[in-house]
Every structure is written in C-alpha cells, then in structure tokens.
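Each of the next two complexes has chain A plus one more chain, namely chain B in the first and chain C in the second.
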Partner chain A sequence: MSKGCELHRDGDWAVLRVWGEVDLSWSQDVRRQVLDAFAKVRALAVQLDAVSYIDSSGIAALVEGFQHARGKGGRFALLAPSEPVRAVLELARLDRVFPIYADLEAARAA
Partner chain B sequence: MNDAEAPLIEVVGLQAFYGRRRILHGVDFSVRRGEIRVIMGGSGSGKSTLLRHLIGLQRPVAGSVRILGVDAGRASARELLAVRRRLGVSFQGGALITSMSVGDNVALPLREHTALDETTIRIMSRLKLEFVNLGGFHDLMPSQLSGGMTKRAALARAIVMDPELLFFDEPSAGLDPVVSAELDELILRLRDALRMTIVVVTHELESAFRIADRITVLDQGDILAEGSVAEVRASADERIQDLLHRRPRPVEVDVDDYLRRLTDEDG
Partner chain C sequence: MSAPALLCIEFAARAEALAEVRAAVQRALSAQGLSARELAQLVLAIDEACANIIRHAYGDCGEGRIRLRIERRRGRLRFRLRDHAPPVDPGCVRARSPDACRPGGLGIHIIDETMDSWRLRPLKRHCGNVLTMMRHLHARTAP
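This part shows the complex of A and B:
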C-alpha cells in the first residue's frame, strides 16, 4: 500500500487525510502539514482510518498539533483511527487525551 | 507474520571462548519477525555471551551470526553500527548515564542518530516514559531512581527509536511482582502495537511463561531445549525440570581443567 498525506478544506475545518505506514522516514511531512494547516485554519482533523501502522514519531506529530491547537484556542481532532493507530495511542494512554470522533460531522457537533 | 521471510536473527554453530574456556558449544538459534523469544538459563549457562553476540557487541570467532540480514562476523564496523541503530537494548543494570537527567538519557539515541527537530525528540522520549509508567519523571537524575524505575527508564531509552528488534536483559530481576507483571504486559503490547520483535533474557520462569512465543533453554553453553511454552513445560529432560523446579544441580569437577583454571598464566 502506498503512503502519504493530503490536506483539504471543509468549511472552517481543515482535514488532513493520512494513509499507509507512518514512520520515521516521512513522519516529518505529516508534522509539517499539521503545523502548516494551523497557519490557515483554527480547526484541524486528522483522518486516520487508512493508516496501517504509526510509530512514535508519527504520534509525536499529532501530539504537537493538539498542543498547538490548545495553545491558540483552536480545535484538533482525530477521525476514525484504525486499529493499529488505536493500539499505539492506548500504549501511551493517549486515547484518553485526544478528542477522537468517527467523522468530521461528529467533531463539528462536539 | 510471513513464514517465508528470513529470520531477523540467525545463529549457526556459534562457539565462544573466555580464555580457554568454551562458553558456547556450537549454538544454533533463530528468531522470526514478530516473535517474542525468551532465553533462559542459570548463571554460567552462556546466555549473556549469546546476548552479546546478538547485539553485535562481540563478533563470532567460530560459527555465524546474522542480525537483520547482516553477517556480524564479516560486516564492516560501519555496517555493524548501522545494524545496532535498528536495535534497542535494555541492559540488566540499566546503564543510564549518571550525569544526565532521565529525559536526556532517553532522548540520547534520537539526538545521536536522527536529525529530528527538538520538539519531536522531546515528545517521542516523553511518550516512551509514559509507556513505562514514568510519565513526568524526566527531570530526575538516575541516582534518584529506585531499581525498578531504573529498569523502566532503561527500557524507555531502548525503545525510543521504535526499534525493529528489542533485547531485554533480565526485565524482572529484583522487581516487585506488580511492576514485573506490568513490564511483561508492556512487552506484549510493544510487540503488538509497535511490531517489535523481542528477545528477553531471564531466569524468571513466571515471566518467561507469560510472554514467550518460544523459549530457548541454555545450559553450560548448549541449547538444552527449544520450543513453545507448553513444550518446554512438558519436557521430560531432567535438567529442564531442575531449572523449572529450582533444584540445585550437581557440580561436576574435572581436576585437570580446574587446576589449569587456577594456575595458568596465559589462560
């Protein structure tokens, strides 16, 4: 499976769709996209349903995004994390830290 | 797990010597990706010597050791270093650098081996402290840690790079049963969530039975048995049963060997 990430706007939110294996070799791209998104919007959702693996450098990019949003009074959400993503989040108890929703509608409504 | 894939570790006919004393007598050993392998054996069984070969700290003088596809006997120093970067090792005594805080100890491999920005390094290393239940302790110095905390900090440092292959020397030795059970649970989750292949050296039976996919029992430099937990438990071999039931074993004395060990000048 290929890997990558793509940012698109959906109203006042930006959605970063990430797919494939997120590891040290390119997790810094995800980080840059996350931080760039906050230059344009105040709310970012990262869609993770097609992520087959994520290492801790990938998780670090998400943590930094969340921290950034909180610092600026913005919003940050994870959408539909796949099982492999959930397993890593749970390892660090981050499943209880990140706002996690099934889809953008749910995040908007929260 | 792909059965056709080459093993991550492949040892064939490994012999090792300490002076004239043969420590390993032609050991064959292989570990597949995604496996948790426990190496058991008493003191003097050769398990530490085997471990030193598996992490590339000692090159084989006889027999071969392949780690992540690289022949440790033939690899250049640079190739061996590249392999070592893909391994995590949690040493028995912790081996933390005493002049650095826990956080800096854990972050050290990332600072040495990657060009990641400092924010990512900080988050990654503190995440690992969270994994091992040391969240918030990054500012402490190693001298302020208890034995169990030192072991967990060493594990956090060993996994900070998300290694493909993790070696853990005596995870439970000297720990209280609750912390020891937590570490076992963490080992299983590291394999499942972060896809690590893990080799644990231990003499704690309970822990071995909890985490192992396969167990290798070493005794006086030979592999006494290798198999699943059930197979090792069911083994009829007397020495294995001695080990399982903690029965002391008779010490065999070879007079010539003994005298030579005490008196040889160049031994």
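This part shows the complex of A and C:
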C-alpha cells in the first residue's frame, strides 16, 4: 500500500508506524490515530522512516500528539524520521522541539 | 507579455488532487537547476498554498477549481494560483511565530521561508483570489 498508518503496542508504549506521502488528504487519519493511542497508553512513538513526504497538516498532527503528552504527563517521541520529514521539521524549526530517537529502545532509555 | 509557462494546470480544489499537483510541479521544476532540497521545498510551499486555498478560501467544501501557472523570467520563478472562492482578506493570512509550538499557521511560515515574496490579492470585480509567489533562482544563503 502506498500510504497508511498502523498502531501496535510494545510494552507500555504504543508505536504508530506511518508510511507514504502524508498530506491534507489523510493527515486527519494520522491525527485521529495519535489521539486515540493516548486513550490506551501514556507513551506514543511515531515511526517515520518510511514517510516520503509530509506537509504542515501532517506536522500539525504530530504537534498535537506532543502537546497532548506534555499536558497529560505522558511521553511522545518521533522515531527515525526520513530525510524529507527531517527537512520539514527543520524548516518549521521543530527539529529541536520534538524528542527524536533512532528507535524505540533509545526512546525508552531516554 | 508573459513568459512561456513551465506549467499551467487547473485542478479540483480537493485534497485528493494534491499528490498529482505535486508530481506535476516536481516535473516542471526539475530542469531549473535547483538542488534536490530546494526543489522539495518549493514543491512543499506550493502544496501548502493549494492546501490553504482548499481549507480556508473554499472552506473544505470539495467544490471549486484552482489554476496554477509557473513561469520563469529574469532569473526568477513566478507561481500564480488563481481560485474562484470568496475574497480572502490578506490581513488575516499570517504565519505562526517561529517559536510557537502549535498546529496552525505552519503553512504560511513554510511559504515565507521558501519564497522571496508573495502577495495575495482578492479580486474585486470577479469572484476569487490570486496568490503570486516569487522565488529567485540564484543560490540562497542561509539566514
């Protein structure tokens, strides 16, 4: 499938794997999955290594997750963002705002 | 007289059309001597402008059309987006503060960072708006 997202549990964390081009046409699905995950767990990592494109609506979904975690005393992390995602995070000056890790083990250990 | 267009397309003002628009912009700009990063950033900025028209000018109604024209003249790229939505007050179009970590306003920030200038003009005599964005082709230095 060319784009999508899938949530799975890994211990006390949930991992949302996202792939393909994240744009306005379905970024609301990503946002919903991010917020739904926080109904089940207090720690969410979004895996972004297979995201080939992301626009501001996709970034906004991640910002909401980050803010939700911060407001509720939970944890939120981005895992292995691809180069296109990194470029947009830098452009938005959010690369130093989000906790970014290579993998879930690194996020857990932080 | 206007320069020959690198791209002139019209498409439905729907989010589902954006992937095809990005591909068309990518093809049109690929021979303009831009680095891969510059090209990706320009494609993103145009996508953001289209998304803003769809969401805010047309109010996500799923109807309406957008026309995109890209020209190269005198060492500059000119991007013109024409819609037929109700007039938008340019004073209401603002980027979020670069230091504010909140979801909204990021699209305008991306356009600000990518383009040398842009202007949104509501059409008084006809329904719609024209967004014109300019970008020099010479190498840019980091701010």
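Throughout what follows, the second predicted complex is superposed on the first by the 109 of 110 C-alpha atoms of A that agree within 3 Å, B and C clash if a C-alpha of one lies under 4 Å from a C-alpha of the other, contacts with A are read in each partner's own complex, and residues count from 1 in each chain.
Following the convention adopted for this analysis, contacts are C-beta pairs under 8 Å (C-beta built on N, C-alpha and C of every residue); 3 or more make two chains touch, one makes a residue touch a chain.
Since the model is a prediction, treat every value here as computed from it, not as a measurement.
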Item to complete: Mind working out whether A:A102 is in touch with chain B, chain C, both or neither, as first, second, both or neither?
Response: neither
Worksheet item: If you stack the two complexes on chain A, which partner ends up touching A:F66: first (chain B), second (chain C), both, or neither?
Response: second
Worksheet item: When the two structures are overlaid on chain A, which partner does A:L24 contact: first (chain B), second (chain C), both, or neither?
Response: both
Practice prompt. Would you sort A:Y53 into first (chain B), second (chain C), both or neither based on which partner it touches?
Written response: both
Worksheet item: Looking at the overlay, what does A:A92 touch: chain B (first), chain C (second), both, or neither?
Response: both
Discussion item. After the superposition on A, what does A:P84 contact: first (chain B), second (chain C), both or neither?
Written reply: both
Worksheet item: Which positions of chain A sit in both the chain B and the chain C interface?
Response: 23-24, 53, 55-57, 59-61, 63-64, 84, 87-88, 91-93
Worksheet item: So in the complex, which bits of chain A are touching chain B?
Response: 23-24, 28, 31, 53, 55-57, 59-61, 63-64, 84, 87-88, 90-93
Worksheet entry | Complex contact set, residues of chain B against chain A | 114, 116-117, 119-120, 123-124, 127-128, 130-131, 160-162, 189-190, 192-195
Fill in: Contact footprint of chain A on chain C as seen in their complex
15-16, 18-19, 22, 37, 40-41, 44, 47-48, 51, 54-55, 98-99, 101-104, 106-107, 109-110, 113-114
Worksheet item: Considering the complex alone, what residue numbers of chain A touch chain C?
Response: 21, 23-25, 53, 55-57, 59-61, 63-64, 66-67, 84, 87-88, 91-94, 97
